[in-house]
Structures are given as structure tokens and as C-alpha cells.
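Before we start, here is the structure in question, set down as C-alpha cells.
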């Protein structure tokens, strides 16, 4: 009952704060932005998707006039590249990086092929991929055509592996916005854990605002005079914040579902996020106990979030086999593993334990400091 | 002269504040971490064949394979795929149970002889319920390409073992630094250089809003100082602090191996950029009633300023420097990469810098001179704009 | 009701309370006076379980503050120097919030709030926000808040500080009306306030009790019963040695033509007038005040 009164007041404080609501809205923009960026960059770097979306035509490749009608031109055309012709190689080379992404030409009398390509172009990966495929075909065809082989044989030699794809669970297929490996990797490997943790970055700010604010306005003294124990006061302060963050994370999971990036094992993820949140908020409480003013709290929280970003997101971009045992217990790595597939390995839950332990330790420490007279201004 | 007294005391206060010193050096530690992170990141993406910015997800997707003739297994990328060799029935069972996302089955030597020129039948089972199916498909197709060229070559050699194969060679030449590398190298260096300018907004807020909140501003204003001296003195102190941090920052970056040409000139450019930033911050500080308001205002203002600095820099990089530098950040990039400068490169950013500085200090002094801003009740923004444009005088004139 | 025994508290190296012993009886109004930094607020904070004692024991209503803080807190109503209210709350909601925090049964809470608002004369403003209130109105709401759970013990920390005389009077009358029913501990810098309201006064300095007793006792300790301020026609005629020999004169000073005499009893006034004869220009009697006691005590110590 007493706790409920505090809880209600704190919840009301959060919901009536225009800035927090604004930040929630900004998060929404960040999510949509990241999603859009992931889609565009997937399309731009994936030759098949670029074909599908009709973007290949924008990749312009130059050829000297004399190659018009040659088998080389034919194989480049087969890759859906837009070709431009130049009177000679020199003029063509000048236009690489301006009019065209690359220039393909015959460099000597033995028929060797020169390829000048501009690295700085946005479409560089796709252009390089397509041109190389075309040149490989051209090379192979040059060799094979010199022997008397049937087209069927040539075809077999060119495509020696006949991969037959068997789709399992096709009816319950995961509805993906883009069937691209780049998209799946960047979404599940970075953006999903990033989005799910965003609300907790906000949470540590809210908690210092709320505690340090009361400290500054000296209302904390009055609150502490009420017959609530220290842990109860902390619980009443942080539970609404924790709940607010978890609800946001839940909402973002739903949003991702509608954006066709289904996040799997959401309930278990929520359990993990609960503990991660407890850690974040515990740090916020600790900071509030150690500082005297909102200004100091803001600087400290900024630094905390900086370090948290490193600890949580660096492991996603690192590849150190020796440390994999430790890295596997980092919450973001667990989120990646749990969210990216419908199946669940019960052993993963064991990997929660370090996070749970660390969070509870931070939280216990914050309660300890809370009792140590850090809560009021003397 | 009186401005300098204020500057001196503000600086003294700042540097005597132990918490400030702590934060100051923590920022350097953070920078060091960022520098280390980016250099290891750069090594990571430069060493691999292509350049991609995807996270290095160790064994992100799992694939079971039955490949007794080792046709494909060695071509698969073990960094991305968790590959397990298993018997067909075990592998398919694991797929059924959701332990793996895909199963790849190749023929054994009993069923298929690689010497014959015949397509190798490969079965790829993929669990479509799992979104990582795309990764499996993509990785298998990459491996397929690599294996195919090996097999084709072998077959061609088998067909004509003695015959000299004359094959046209391909000479590939690339020009320019790759886009992602440029983004990281140049833009990141520039962002790191300009970062300190955005870390000390709280100092000016503290020295202006703080005086309002603690009501010490009254004492300051009561002293024989003009209010413009107060604003200028306080701003100067913050600019000096920033300059100090930028200097340390640059030394650290150069020690960490960042290539910065013309460091003196770069330093000058960065520190001059502090002028308008501090000016805009002091407008917000002069207007705000409390820390919270100032905090929000500054967040939005800094996002806008960063945009103003960084967007021309990005545009410059994607256009390969065909246009003159529109922001000082672009200019800094040009200078530290040792590119030639045109007069426009210097005139355009510095003119805008000067203009913004003058206007912003004029506004903040104008605001700070108004009693209703300093002591309240504060007029609304619209009314202030109205008065700033001296439209009220026009209205009053007609009223008469 | 409150029993403090050998209480000591340090803040780092600073000793805020030094072996403090104090007992407050049920229904008593005890005033705590002392210079700034004497340890008054620290003592209050320890009694109300915000701070922990380093040494010694504090019992409130039979409970130890360290062992049963929640029971102790439920018993105490506290009004800090500044009421420290949540600015955005409406007066009614604030009282309701704290009522719930103190665990006032919801059935009683509403009538209790109405009653208190009536009592502090704020009924008409129940739905106004705190940030629209003047200092005096805030103090009234602060008092209502402190009383919301009908505590047995009430602690006032500078209840009339910074208020206009009229509002101060209202608050003092209110405290007066609580007397007898509740046990009250009051810190104040206003000596006339302490004199008028307190059953007993404790003078605290540097964490130690300098003196304690009823206002009357304290006053008569440092002076006699009455002070006589005499203006003389010709100061040179007065022989100060005469006063030294008079038993009824406890103290005397002469500055220019002003003679101050502190007498044991009122009955001695006529004898002094008689003694001075025509040299006497004017005479004025003055009762000693608590302020004299305070200044005497603290000034002596700080010399």
C-alpha cells in the first residue's frame, strides 16, 4: 500500500514528463532510421537484390568503342550492367570515378583484360562482383570455345555443382522484410540488441533525474522520514522506471514484428532485459548517491553510458576466440543468439547467470550506499 | 579588462574543481578507448577480402554437412557458420530439432565419381522458420562459387592435360580509397578532433544558468561590470578549457598513430570552431531558467551544429572533393589529409563562422542585458523574437 | 517519550554531536536552541532515523531508532526548515500521497485531509498547485503534511523562519494548541518564540548541551529577577564600589550616563532609587529574556 503510493507517484512523474515522452518518440525515429539504413545498404551491396529492385541499371561500366559486339560485351550485358562506349582507352580511363564506375578494356595483344575500377563508389562492391562474374564467364568461354564441346557440356563445366534447395517448414517461414544475409546479419547482429537496450540507456537518466532532483529540492529528506525502509524507497523509485523501459522494449519488439524482423524468444529476452535494466538503474542510483547536483549526475551518466556502450557493443564487432567464453555471457551476445531463431538452447539460460549476478551486485551496492547517508544533503 | 578578470576566475574555479578534472581525464580515457577500437576495427575490415561493416558474428548460423569427398566443406566460412560434419540421418534429425538452420548433403565416392564430367548433385535443406536461412543460402552460394571454379579448372585440365592453356589474364586496378575506409579514416578523425567542443557545454550552462539557479547572478550583476563583459568573460574561459582539451586530444591521437598533417593549422581550425559553438550555447544558457531547460536546448542545438559540420564533410567525401569546403570540419579534413586548398575553402567556412559568432554573442548579450530574462518573469520566445527584430518599435510608432 | 543517551555523531572528522544526553517527556514541548552548526538538525535527523548514530542510543516511544526505524518513523511528524514539497502537486494530492506513504487507512484518509486543511485554513486552496503558494501557505501545507498520520511526536525545525509576523503568529498559536496532547521538539532561532512556547529549553553548542531548564529557570540563572536601566544626571557622582558592597545587586555596568543593575528581587527597586537620590534622571525596568541567556551562554563559551 505504502509502496504502491510511491510507485504511483513515480510512474505519474515519468508519464507527465514531456522530455521522456519526446525521447521515446526519438527512439522510434532511430529505430525506423536504422531499419531503413539496413534495408538500403543491403540492397546496395547485394547484386541479386539490386537486380530485383532495378538498381543495377544505374551502375555504368565503360568500354572502348572497338569492343562493341564482342563476346566480352555480351557477358557484361548479361549481368544487367549499363554500358557506355568511349572512342579509346585513354578517354575512358579519365571518366572512371566520374561518368562510369569502371572501365573494361583489352590491355595487350594476347587479349589480356584490363579493369580500372573506382573504389569510392557506393556501388563498388556490386559493380566489382558483377564485372568479375562476367569476366570469369568470358575467360571460361574463351577456353572452352577453343575445344569442340557441346553447349550442354560447357554448361556443366561452368556450373559443376547442382544445388537442389529443399525448404523445410516453408509454410511457417519466418516473414523477413528482405531475404538478404547482410540484412539479417546487421539486423539481428547489431540493430536488435541496440534497439532493445535503448530504453535502458534512457532509464539510467530517469533514475538520476528522479533521485538527484529530490536531493536537490530537499524533498528526499521528507520522503525518508516516512515509515518506508531504504530498499522500499529504492524499489518504489526504480520499479516504475524498470517497467517503463521494459514496456518500451516490448513495444519495439512488436514494432520489429510489424517491420517483418521477428524477434524470437521475447519472453525470455524480457527476463534478461529485466536484469540488464536492474544493472543500468542500479548504476544510476549509485551515481545519484555519489553526486550532489543534476549537473554532475548528467556528466557521470554520460560517461557511464559511454562505457556501457563499449562493454555491450564492442564484443559484437570483435573476434577473439580466446575470450569467447567471456564474450558469450555478454547480454548483447545472448540477445543476438536468442532473438535470431525460433529455437532455444536451454544452456543459453545458464549464460544469463553472469549478467544476473553482476546486476544484482550493482543493485545491492546501490542499496548499501543508499543507507550510507548519501541520500540527503548535509 | 574586466572580462579577463571573470575569465581568470572562471578558469580557476573550473580547474580547482576535482570532479571536473576527473571528468576531463576520463574523457581522455574514453578517447583512447575509441582510438583503440577504431584502429582494431580498421585492421579487422582491411584484412578481409571485401570491406563490410557487418558485425563479426562468430558462428552466427549453424550448418551440418555431409561431405565425404571434401568438395564444399573447406570452402565454407567458419567465421560466420558453425559447421559440423555429421552423418545424413543425424544431421537431418538435428535440423528437425532446430539445432541447426541448414543441412548440406553431398554425394559419397560410391555414388558419384568426380572424374566424370557430370553435375554434382547437392542437396541443401534449409529451415525456413529461421531468419538465418538467408545467411546459410548466401554462405553456401559463396562456397559454391569457389568450389565450382576449382572443379571447372580440374575438368579443363583433365580434358586437355598437355595442351598449353592460353587464358586471357585479368589485371584489376582500383583507384581511390574505399568509401567505408574513407568514412572511418577521415570522418572519424575529424569527429574525434571536434568532439571536445561538444563536451563542455555544461561548463557554460553552469556558469550562466548556475548563477541564476543559485541566485549568485544578482551579486555579479550588482558589481561594476557591464553584462557583455560577463558573457564574454565566461565564454572565454570555456573556450580556453576547450582549447586545452583539444590540444591534449590531438597529442593523444597523433601518438596513437593517426596521420594528421599540418597539426598546427588543424588545431587552429578546431579551436576557432569553438567560438560560434560557445556563442550559441551561451544564448541557450542566457535564456534558460534552469539546468533542465538548458540541457534540452543544448541537446537540440548540438545535434543541429553537428549536422552543420558533418553533412558537408560527408558530401565532400562522396563527391571526392569537387566542391569547396562548406564547414570547418570539411576544411579540417582537407588540411589533415594534406590536400591543396583553394581560397574558397578558407573564405566560405570562416566567413560563416565569423558571422555566426558575431550574431550569437550579440544575441546572448542582448538577452543577458534584459532584466526580465535574468530575474524573470521571462517573456515567451515569440515575443522576444518580435522585440529582437525591433518590430515593437514600429508598432509603438504607429500607435503614437 | 524520547530518550537520548551518550549520542555521538561524526561527519568525517567533524564532530556534530558529542556525548549528548537528553530526555523528552510525553506531552512536553522542548525547545532546542543554539547557534548555526550546533548540531540541532543532526540530532533531529538521528531521532527521525534519517541518519545513524555513531555511538550511543536513541529510544523513541520505547523503540530503538537503529533497530525499529519504521516504527519510530510512523510515530514522528516532521516539519523541516523549508517545507520541501513537491512543486507540481496539488495540495490535496500531496496530503493524500503522504497519507498513503504513512499507511493511513484509506477509509480515514479523506476525512483526515479535510480536517487538516480546515485546521491550517487551506480548505479553499485544496486543489491549487504547490508552486502557486507563497512561503506562508507552503508552511501551512507542510504542517498539515507533518500531521497527516496523527503522530504522537512532532518535530518542528525553524517553523516560523522567514515568515511575516502575522503568519508567524498563526503558526505559533497552532503549535500552542497542539501542546499537551503531543510531544513536541522544536528548533528555533527566535528566543521570544522559545520563551513563549517551550516547557523546557535546551541550549546546544558544538554538539554539547550548555544548559537546560524551563525558560524562567534559565533566565534567573544568569541574571537576577529583574534588570534596572538607570539614566543619571551626573555619572561622576556615582561610586561604583558602593554597588559592589550591596548584596542585592548581582551585576552592574556603567556606560556614560547609563547604569545597568541586575537585582535579585523586585523589592530592591525602591532601595536603589532611594540610594541614587536626585542623581536619578529616569529609570526603566526590564525582565531578562532568553536572548540574554543565549548570548551569555554562547558568547562565554566562544570567548
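Points worth noting:
Which chain is which? They are A, B and C, in the order written, and residues in each are numbered from 1.
In this text, contacts are C-beta pairs under 8 Å (C-beta built on N, C-alpha and C of every residue); 3 or more make two chains touch, one makes a residue touch a chain.
On a predicted model such as this, the values are computed, not experimentally measured, just so you know.
Taking each chain's centre as the mean of its C-alpha atoms, the one that lies farthest from the centre of subunit B is C. By the count of C-beta pairs in contact, the leading chain pair is A-B. Chain centres here are Cα averages; for subunit A and subunit C they lie 64 Å apart. Subunit A and subunit B have CA centres that are 15 Å apart.
We define each chain's centre as the mean of its Cα atoms; on that basis subunit B and subunit C are separated by 62 Å.
Note for the complex: subunit C touches subunit A at residues 11, 45, 48-52, 69-71, 73-74, 76, 78, 80, 82, 84-88, 97-98, 100-103, 145.
Against subunit A, in their complex, subunit B makes its touches with residues 19, 23, 26-27, 30, 33, 37, 40-41, 44, 50-58, 60, 71-72, 79-80, 95, 97-99, 101, 117-135, 137-141, 144, 147-149, 151-152, 155-156, 159-160, 165-179, 182, 202, 205-206, 210, 291-292, 295-296, 318, 320. Taken together, the subunit A residues at the contact with subunit C in this complex read 1-2, 4-6, 9, 16, 217-219, 221-229, 371, 373, 376, 378. Contact residues on subunit A toward subunit B in their complex (touch as defined above): 19, 45, 96-97, 107, 110-122, 124-125, 135-136, 138-140, 142-144, 147, 153, 156-170, 172-174, 176, 179-186, 188-190, 261-262, 294-296, 298-299, 303, 306-307, 310, 314, 316-319, 321, 324, 336, 340-343, 345.
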